[in-house]
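What follows are several structures.
You will see two complexes here that share chain A, one where it goes with chain B and one where it goes with chain C.
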Partner chain A sequence: MNMKKNQLNKKYNKYVKDISPKPNYLANSIKAFVTGGLVCVFGFAIQKLIISRGIDKETAGTIVIILLVCLSQLLTGFGVYDKLAKYAGAGLIVPITGFANSVVAPAMEYKREGIVLGVGAKLFSLAGPVLVCGYSAAVVIGIIYTLIY
Partner chain B sequence: MEYLYVFITGGIICVIGQLLMDATKLTPAHVLVLFVVSGAVLTGLGLYQPIVEFGNSGATIPLPGFGYSLAKGAMEAVQKEGLLGGIKGGVEATAAGVAAAVVFGYAVALIFSPKSKS
Partner chain C sequence: MAVKKIGQQTIQFQNPPKAISAYSIVGPKEGQGPLNIWFDEVLEDDMCQEKSFEKAEGRMLRNTIISAMKKCKKTPKDIDYMLGGDLLNQLMSTSYTARDLSIPFFGLYGACSTMTESISLASVLIDGGFADHVIAATSSHFSTAERQFRFPLEHGNQRPPTAQWTVTGSGALILSSEGSGPMVTHITTGKVVDYGISDVNNMGAAMAPAAADTIATHLSDTGRMPDFYDMILTGDLGEVGKKIVLDMLMGKGFSIEKVYNDCGLMIFDNSKQDTHSGGSGCGCSAAVFCGYIYKQLQSKKVKNILLVSTGALLSTISTQQGESIPGIAHAAVFSTA
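Take a look at the complex of A and B:
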């Protein structure tokens, strides 16, 4: 019985693999490289502009992050970001703008369920896991660093 | 020349994400989490700082850069305040970006309605 089930599973997995479209690794990678690179260059240009106004590098970096976050969330609101991301793939998911997009996109969909439990909760449906894991990593690193410092 | 380094570094990090999504069954959410955590761990091991020095924004704007800020904030705060710093430093260092994403994101989500997917 178990063996039969295993065989069935194997067959099914092979079937899924055969019919699902093969990703075009090279084309996708080139798109991700160019768009991701451009987002970073755009941020770098703004950072240079801010630094030239006499603000220190670290503060400038923070301001750039805030600007990129707000810009990409606005574009998400207008429905532009998701269209671009469909083309660019990871090039618009991996930069911080993709994180900002993942905060807004699910929240907009759940407006019907109210502004507290709908929008308020769904803001964190993707940001939650990122923040939970990120903060945990930071605190663990902080504790280990305290022990060896 | 600096701009070229930024472009290449940012591009390569995004290509790694793209390959992870194409070649494995990882969803974008898993890739985001993986990148933030590995950015933090690499920073803790002292391996991400050289990448930031080379690639500047190309290394800080992709999500491993978020992990970098988290770990760097925690480690710098330990030097000033010990264990308490280690606990709050990472959150403190990234507070501005996270607060902006949450508050501005909330506002945008309330104002705009999702566009029908055509």
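Take a look at the complex of A and C:
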């Protein structure tokens, strides 16, 4: 009985996959590539500008990151970022701009539940899993690196 | 003996309740859709001057019910029971509405199938002689559903083409043992059907087997052919679910294509309004029925309607635990004859 049900479910899932419209991967990839590239070009231009004013490369890089994060936060606050990201997809979600958005969006959303239990508890509801997995991966890679060298 | 039960899952009422009043309120986006002239009220602001979206949804539902009562000149004291629900945890909007209206209340959760679930039980109460006037009402709100089931509103992401758009809207129907209006002649209560779909962005596919099952059972229980109905309407299956229902029923020997439509496809123009596969939510079938269909029945442009609200009985926890999405569909027959 269970096996028969499993088989039926598999067949149905395959049928649904066949008839469901698919996202336009090519167009989405091109949009993501172009917008993601533009974000990088913008960052790079700012970095060059700052370096030309006599600031060292590392500090300039930090300033660029802060600027991108602030811009992303501002656009989220004005309710524009979600519309841009809907168009650009990974082009805006993968760079640090997406990270900033994923912290500010819950902060705005949950402020009605209070500063501590709303914003405090939910601030990292989207970014949290990324941080935890990112740090864990860094620790594992770090251990492997130490063992090899 | 269950003298009113026919076939497997259907009840045929001996004293069919009459729908004496209906009222619908929808949000601004729904108000720009193809059915805009039929809704009784279109909100300019989906916050309804409230502090939170949840309070806004409650206020929208409360106003819908009060206006439905006004339309048939009833006050809360005339109403024996209120049946209804919404999509939020612990039925927040409906419970708070029931608190304000002070009408004896049964809170129901059937996800987006709650409208016909409420109509079904309200009709049973009236036909059984337990009540004279019962309100069936549901609501959903895009922004409350979004924050409960998906992401914060301002989060940047892309929806797949199979995703649906939760309708901001509510509908209230007042059923009565006397008076005039379209009658509820039959109900067919659905079974929970699960074909193993676990993609929350393809709810139409998860609910469609339940809808097909309920429609097929209804037709064989009553011995009716699909063309007995002017319209067979599912609640919120969207493009994908609609196709599946047609395919599945064809497989069972019922060709319903000529009379079949889906409320989720009627309320939005998917190509213009960027709603992907179509509308969803308790408010979808409630607003389309109480706004558009009820008026068609009243003016006798249509005579027999089979309304099949469809629900996806998932929770945020079941999704995180990797469970599949169970579907349910309840049918109610409205007839002017």
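In this section, the second predicted complex is superposed on the first by the 136 of 149 C-alpha atoms of A that agree within 3 Å, B and C clash if a C-alpha of one lies under 4 Å from a C-alpha of the other, contacts with A are read in each partner's own complex, and residues count from 1 in each chain.
The rule is simple: a contact is a pair of C-beta atoms (placed from the backbone, for glycine too) under 8 Å apart; a residue touches a chain by one contact, two chains touch by 3 or more.
Treat the numbers as computed from the prediction; the structure is a model and nothing was measured.
Engineer: Applying the document's definition of touch, where does A:T76 land relative to chain B and chain C: first, second, both, or neither?
Structural biologist: both
Engineer: Spot which of chain B and chain C makes contact with more residues of chain A, would you?
Structural biologist: Of chain B and chain C, the partner in contact with more residues of chain A is B.
Engineer: So in the superposed three-chain picture, is A:N13 touching just chain B, just chain C, both, or none of them (first/second/both/neither)?
Structural biologist: second
Engineer: Can A:G37 be said to touch chain B (first), chain C (second), both, or neither?
Structural biologist: first
Engineer: Would you sort A:I144 into first (chain B), second (chain C), both or neither based on which partner it touches?
Structural biologist: Only chain B; A:I144 stays clear of chain C.
Engineer: Would you check which partner chain A:L126 touches, where first means chain B only, second means chain C only, and both and neither mean what they say?
Structural biologist: Both: A:L126 reaches chain B and chain C.
Engineer: Quick one: is A:P95 in contact with chain B, with chain C, with both, or with neither? Answer first, second, both or neither.
Structural biologist: After superposing on A, A:P95 lies in contact with chain B but is clear of chain C.
Engineer: Where on chain A do chain B and chain C both make contact?
Structural biologist: Shared contact residues on chain A: 23, 28, 76-77, 79, 89, 93, 98, 102, 104-105, 108-109, 126.
Engineer: With touch defined as at the start, can you tell me which chain B residues reach chain A in the complex?
Structural biologist: 2-3, 6-15, 17-23, 28-29, 31-33, 35-37, 40-41, 43-44, 55-58, 60-63, 65-67, 70-71, 73-75, 77-79, 82-83, 85-87, 89-91, 94, 96-98, 100-102, 104-106, 108-115
Engineer: Which residues of chain C touch chain A in the complex?
Structural biologist: Listed in rising order, the residues of chain C that touch chain A are 51-52, 147, 151-162, 195-197, 202, 205, 209, 239-240, 243-244, 277, 324.
Engineer: Touching residues of chain A toward chain B in the complex: what are they?
Structural biologist: That would be residues 23, 25, 28-29, 31-41, 43-45, 47, 61-62, 64-66, 68-70, 73-74, 76-79, 89-91, 93-100, 102-105, 107-109, 111, 115, 119-120, 123, 126-127, 129-131, 133-135, 137-139, 141-146, 149 of chain A.
Engineer: Going by the contact rule at the top, pick out the chain A residues touching chain C in the complex.
Structural biologist: 6, 8-10, 12-13, 15-16, 19-23, 28, 76-77, 79, 81-82, 84-86, 89, 92-93, 98, 101-102, 104-106, 108-110, 112, 126
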